[in-house]
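Per-chain residue numbering starts at 1, and chain names A, B, C and D are given in the order in which the chains are listed.
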Amino acid sequence: MTEFVAPEIDWLALAPLIVVLGAGVVGVLVEAFVPAKARRVTQIVLTLAALAGGFAFIAVLWPQIVAQPVQVVGGSVTLTPFALGTQGIIAVLAFLGVLVVADRTATGQDAFAPAASAVPGTSYEDLARRSGLEQTEIYPLLLFAAGGMMLFASTDDLIVMFIALEVLSLPLYVLCATARRRRLLSQEAAAKYFLLGAFASALFIFGVALIYGFAGTVRLLEIATAMQQGGLPLDGMSGLLVAGVLLVTVGLLFKVGAVPFHAWTPDVYTGAPTPITGFMAACTKAAAVAALVEVLYRVSIGVQAVDPEIMRQLQVVIVVVAVLTMAVGTVVGSVQSDVKRLLAYSSIAHAGFLLVGIAGFSSQVQSSTLFYLLSYGIATIGAFAVVTLVRERRVTPGSGEHNGPVEDDGVVLGEATEIAQWAGLGRKAPWLTAAFALFLLSMAGIPLTAGFIAKFGAFTGATSGGLWWLAVLGVLASVVAVAFYLRLLVVMVFQPAPITPGVEPARDDSPRVETGAVSTGSTSAGSATATMTKVQVTAAQRVEVTVVRSRGPAALAIAVCAIATVILGVFPSLVLDLAQEASKFVP
Amino acid sequence: MDITNYVVLAAALFAIGATTVLLRRNAIVVFMGVELMLNATNLAFVTFARLHGDLTGQVLAFFVMVVAAAEVVVGLAIIVTIFRTRRSASVDDVNLLKG
Amino acid sequence: MNDVIGLAPWLIGFPLIGAAILLLGGKATDRWGHWLGVLASAASGVVGFILMFRMIGTPAEERSIDHHLWTWLSAGGLDVDLGIRLDPLSLTFVMLVTFVGTLIHVYSVAYMDHDPHRRRFFAYLNLFVAAMLTLVLADSYLLLFVGWEGVGLASYLLIGFWDTGRPSARENAVAAKKAFVMNRIGDMGLIAAMALMFSAVGSVRFADVLPAVAGDGTGPASALISTGTATAIGLCLLLAACGKSAQFPLQAWLGDAMAGPTPVSALIHAATMVTAGVYLMVRSGPILEAAPTAQLVVVIVGAVTLLFGAVVGTAKDDIKKALAASTMSQIGYMMLAAGLGPAGYAFAIFHLLTHGFFKAGLFLGAGSVMHAMSDQTDMRRFGGLSRFLPITWITMGLGWLAILGIPPFSGFWSKDGIIEAAFIPVEGQPWRAWVFGTVAVLGAAITAFYMTRLFFMTFGGRRPRWTEGQHPHEGSPLMWWPLVFLGVGSAALGAVLGIGGTFTTWLEPVVGQAEHHEPVLPVPVIITVTLVVVVLGALLAFRMYAVQLVPEEAPRGSVLTRAARRDLYQDAANETLVVLPAHGVARLVQVGDRDVVDRGWGVLPQAVSWFGAVFRKAQSGYVRSYAAGMAGGVLVIAAVAWLVVGLGGAQ
Amino acid sequence: MFPWLTALIAWPLVGAAVVGLGSLGRSRTGSASAGVGLARPLALLFSLVEVVLLVGAFAAFDTGAAAEHQLAATYPWIPQIGASYAVGVDGVGLLLVALAVVLVPLVLLAAWQEQGRDEVRLRRFVGLVLLLEAFMVAVFCARDVFLFYVLFEAMLIPAYFLIGGFGQGAGRRQAAVKFLMFSLGGGLIMLAAVIALYFLAVGAGVDPSRAFLVDELVGVDLGATAERLMFVGFFIAFAIKAPMVPVHSWLPDVAGNASPGTSTLLICVLDKVGTFGMLTLCLPLFPEASRWAAPFVIALAVISVLYGAIMAIMQTDLLRLVGWTSVSHFGFIILGIFTFTPLGTAGSSFMMLNHGLATGALFLVAGFLVSRHPEKSQRITDYRGLRSVTPVLAGTFLVAGLATLSLPGLATFVSEIMVLIGAFGGAPAGSAAWTVAAIPGVVLAAVYVLLTYQKIFTGAPAEGLEDLPDLKARERFVAAPLVAGLLVLGLVPGLALTYVDAPAEQSAALTAVDEPADAAAQMGSDK
């Protein structure tokens, strides 16, 4: 009998992934064994610790990987500086995102349903709430998603990439469905995300199959080398390769949220619980873009050798998509009236700008992409964190006076996401407004914020790739983008708070108006409003906009994001150095 | 028998699956369409595995199946939840979010 | 000479300081401010005297001195000193300005006695004197331009002196604005002229430009000014002169300028400022001589204005406006002379000088009449004033004889010189002598008519036509002493300077030696003819306005009379020819800016949101349509990629 | 030696931080009373110390070498993209820095009671003003294209908040947005050009880590087409700032809706970046393209001159009118720059300073006038006969107005005449003709100034305005320095010309096809 030879595995290289994913598994056990009281705290601590730990390992690995990229477990995991940088960015962003998720705000309620499986407005749900249930499973789910993202960017084995894709997607599908308020929207978002996601991954995997058929392997690097040397079994049928690469690219572009594969983005971002939206928008985009970059460049290596024609076709694809994405993102974004939706379209637009940078296929793109992902992610998480704090509150004019306090008066409801409702925010909460304005300016790419350096990098990438006209298009698109960020800014800072309630119950066609299940005449404070997708106000009551105090984590996240945005804008060279170290990804 | 037949068959199945996704209203059926696409992929994998004479393709097929199973779990959960709230499994009924 | 040259800056300095003190001093200086003003003007007069006597003492060829104060601006090849040019010409003006100016200051002390803002008035007067002296003493066109606009400002301020608190306040303000704007129109010419000079010679100093034209190459630029450039410069300068001296076609403002206090009209709009144009022409003599065309235009402008003013003068019933018209016409004479070359320059300046005296006298007289008649200006409401205002009557009488050109009064010596010069033939253009000579004589006749009319409508007539409640009486000595001085000047100055051509020789260093030409008619003939027509004109007026009764309401009069009353429709003409079209253009621009430019930019955001609304529909909310979009997208993109590259490959 | 420029840039930032940041926290608790009344004195103190620093900078500046960029300092900032922190001023830059530094305290003083009593609001206002000051000073010192661009854009943000948040007009928000959209639109187009410039420079062998330094870029051959494209990119941005017809539309709205103080900083200083950029970036970096575009630019400039003046005449709103006059004046400045004569360029440089003083005075005095009206009306026709009511105000307004119509004896005259005389002999085709076409601008100027004066200050006082107070001491302190400056520079322009002459010679030499004087002579003899 032959004796078992243990494989050579560089555990340190895998450490970040193992820590995060392992913590996820532990989190599941925590659900099982830790008593309900302590569960939430445990989960939060565990999650943050895991992400921090993962980042620590990345930091440790950094010099070694920069010196010499490694392939672990037979190449399933390929750690290039670029991949590691992506992992680091994802870890950081996820950390910030979790902070926002963990914040219960002054209302004592976090953004998640006590029992996501319960039908909105049923007595069972009330029961669940009153017994103080909490779905702490979200934390392990977040960890799995984060782990999947980290893996997504750091492999060149398409199957591993596919699995990573699912590992990061499936938890997100679930998380989308767990909003405490506006449950129907939340569930709808989940459904749409899931169906389209599944469709996209089917396309992806079929593309993988075709590539496999062409090359006999699913390792991009091997394919590249093989093609350079020639002598592949189906050398003639490069059509297989083209179709395969196209499908794989589409699968990735879907995650990136690029037109015409963007349709899910606005709906899902709007419906999902806002902290999750922030997490998704920042981290998923980072992972997907990184993966896209790796795939495209590795493919391009081989293709260049065999058939420059295909190479040009690939570039044209990216260019077309980039232009479409910028156009749709900015133009449609400029007519939105809902903050979350506006941010969703802005994320589409940013996908466009990122693609502009990538389309150059030039050497320095990786560094500029990494920087872009970081600065964009920071601004996004910060912005959505702010959104979680701007809420509607029901007030009864006569309450507290002679007729005594009216029942469930002053209850804080869901987020006030109508742009009109944000009027006068500058007076209500100057710091918060200042921070949000900063994030908007960063997204708009105003100098002295991170966004400017990022955008500069992207356009530089395109120009250095010879696509200066694409850079000009990008410039024009960002003018439009500026216009709609500005609209929000004007409302927040300059417009006085409306005397009449921001939301009048009359707008029945609005997406947030609930169709069927609305529990009425409920008992305890807050309960009645908990699951309604739209506040129902009796004639006596009206809804006004208030800013709830964060219990700390979210505020911390916002502060960190704001400071980082400024620092990356004024003294970017520190980070740019790292980004440049990360700019060789082919071992 | 020529390999292209297999490939064409796989492609056809894939196309049928895609069409199902595009045309059918019932969420379950739509999801079955996705499953069909995945299985078409499996066929392709296995075919190419035979072509290349290595087992990778067949292993990959298993991976795909596992992933498909996982998707089913999550997907059905979501669909069922929606069905319970709305008493309808038609994907055309979930369009509160638009614009 | 050089020992006293240091005094020269004080010519400008004294009045300038005076103005500054009075303006900044505020109410504190109300009590004695007017005397300070007089003092400042007188002081610079004294300095002027000293300088002139010293200059008379120096030999003719050394009589042109450029006194450099400090480098005013020096950049990009343009070097302009703040420098003073002392020569007979500028000193003549200094004397005129300071002497007449001081007299008018004194006169104003009494005239403005009851005005609460008398201090401000004197501040402005001093400012004017300073600016006027800057104008005449400047050694470069740029510095001249400073004074040029300075006097414009002073005249603006003084015409509009009563621009609040009076029923006619708005009219005064409008008149002031009109004067300034029309002056600016002229100033464009001066700016353009300087631009031409700089681009041709690289300098705007008299010392560089004029020799460059003369062609002796003493200028810094070897490139001499070509005839073409000279003509352009000459015409530009003429434009400037027309604006400042109310010459046709920029004469419209002078009549309205009479809205200012009478001393102002006397000093600025009769004696000094309005003659600056003539000074400019004479100063730029070499340029004109190099450009015969420009010269001819100058002469024509002069001739036209001469007749224009005279005709207008015959119909005016407002005493000040009549005098203003006459001023216009007299300056027409000077222009005409200035256009005749060296032969004319001396007489132009000479007439300018005498005119300064007798016209100032006439205006101050008119002022004292108005003062006596409680600011009545309608001559049809005067009459028979000789008994009540003897001094005014006599002094104005002297001025009247002077302007008529009756020997030996001063007007005769200067004006007759001009008429003779006008008759001097120009080779190649024999018609010129006849045409312009005749015009000059004709002008003299009309002048005689309207001045006599004015004189007798005011002082003559058996029956006063006053509005009730009038008790005319002479003003304070402060008012009639200046009249006396000016009267004497009007009577004697001409003879003093004219006999033996003293004045002509005095100016020779500047205007150059005029080689003697014979007029087309013998001189005695010219003189006799002129005198005859003058007397005839005077007699006609005497018969109409002294012998016959003057109706208190103006008769409808002939077409010409009505036209003349309305300044020969100059305002109407400007309105239709300039103002209306300009306003139309302005409206056009305004509408264009609002509806084309501004709205044009507005289209961009509208377009964006329109597209936004359209694309938004694609976001239908139906999963299946999203999926369809994806599937379709794959195919489309594939197709595009294939096509683009395919076509690219085809090329 | 002491880093004067860096100090000049940093000090207002400190001030903004000290004064401004407090405001955010406070109004959260709503207690506006905290630290009552400190904001304005504190800000004024900071701005005055800044003036002292300015004096130091002038002392350290060697006028003998005004054409070189002195007080220079260069540190790597973002070496990865070749951006450095490089500051340094030639004479022109120094004068504009001076303009900014001098105007800020005056504006603060003028706005002393403009923004009401709310301390928090005041803190924000003065904080933004100081922030804006820092950016403006910095942009005039920047010697690195990237740095210049960053500041060029960053400047807009405080300006935007000042217009939209502290304006007087009802349309201030729209005005703020319009301002920002125009500026950013131009700016982003410029960004594309900046990036392209970087690559071409690197391609031409410039050290990539210093490839944004102006001194490195001057004289690099970029290729005709590219050079022209980049020139257009830069020029559009500068023309919008300048503002130049037809991209001026934002200006009147801003002037009519922003507070006079803001308008002063905006139009008198911030907009100078446009012309300053043309002079110090477009010409040296793209001399060939500048020559190529000059005839077109000159035409536009002259059109601006007349267009702005005509629009000013047609205005009914006092502050909008002042805004339009600036369109006209900027036309003159651009005309002087793009005719490439030393005289014209020097005149333009000098005019940038003078326009700041004159228009600043006009804006502020107009503001004083408006603030006196019971309804704060800006309609010219709501005023009449005020000369007898408020003589000092009337006098100051008249002087400011006369400066605007560039009356001799005032600094504006010197610069305008320099521009006109110089531009006439310019090398580009049609210089002479266009210059002559611009001369009527001086007449139109007389019309709009005197017409306004006549309507507001002459005639019988309008009812309700018979007892308006005359200028208070504070307001006289604001007006006096400006008027004095205009007078002194008018009589002794040498004080300023020593700073602008040498740079003008240099830039004219950069763009001159042949010896300007000869060109001038030709133009002349063609006449």
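We adopt the following convention: a residue touches a chain if its C-beta (ideal position, glycine included) is under 8 Å from a C-beta of that chain, and two chains touch if they have at least 3 such contacts.
Just so we're clear, the structure is a prediction, and the values are computed from it rather than from any experiment.
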C-D or A-D, whichever has more C-beta pairs in contact: C-D
Label of the chain whose CA centroid is most distant from the centroid of subunit A: C
Central chain (distance from its CA mean to the mean of all protein CA atoms): D
Whole-Å separation of chain centres (CA-atom averages), subunit C against subunit D: 36
Inter-centroid spacing, subunit D versus subunit A (mean Cα positions, whole Å): 44
Subunit B and subunit D: spacing of chain centres that average the CA atoms, whole Å: 65
Separation of subunit A from subunit C, taking each centre as the mean of its C-alpha atoms, in whole Å: 78
Set of subunit C residues in contact with two or more other chains: 605, 616, 619, 621, 623, 627
Junction residues of subunit D - those touching two or more other chains: 181
Residues of subunit B touching at least two other chains: 18, 21, 30, 91, 94-99
Every chain pair meeting the contact rule: A-B, A-C, A-D, B-C, C-D
List of subunit A residues in touch with subunit D within their complex: 367, 427, 429-431, 434, 441, 446-448, 452-453, 456-457, 459-460, 463-464, 468, 471-472, 475-476, 478-479, 482-483, 486, 490, 493-495, 572-573, 576-577, 579-580
Subunit C contact footprint on subunit D (complex, rising order): 181-182, 245-246, 248-249, 307, 310-311, 313-314, 341-347, 350, 385, 387-388, 402, 407-409, 413-414, 417-418, 420-422, 424-425, 432, 435-436, 439-440, 442-443, 446-447, 450-451, 454, 457-461, 491-494, 497, 500-501, 504-505, 508, 516-517, 520-521, 523-525, 527
Touching residues (chain side subunit C, partner subunit D) in the complex: 70-78, 142, 145-150, 153, 156, 160, 163-165, 169-170, 172-174, 176-177, 180-181, 184-185, 187-188, 191-192, 194-196, 198-200, 202, 204, 221, 223, 225-226, 228-229, 232, 585-587, 589-590, 593, 597-598, 600-601, 605
Complex contact set, residues of subunit C against subunit A: 605, 608-609, 611-613, 615-616, 618-619, 621, 623, 625-627, 629-630, 632-634, 636-638, 640-642, 644-645, 648-649
Interfacial residue positions of subunit B with respect to subunit A in the complex: 7, 10, 14, 17-18, 21, 27, 30-31, 34, 37-38, 40-41, 44-45, 47-48, 51-52, 54, 56-57, 60, 63-64, 67, 70-71, 74-75, 77-79, 81-82, 84-86, 91, 94-99
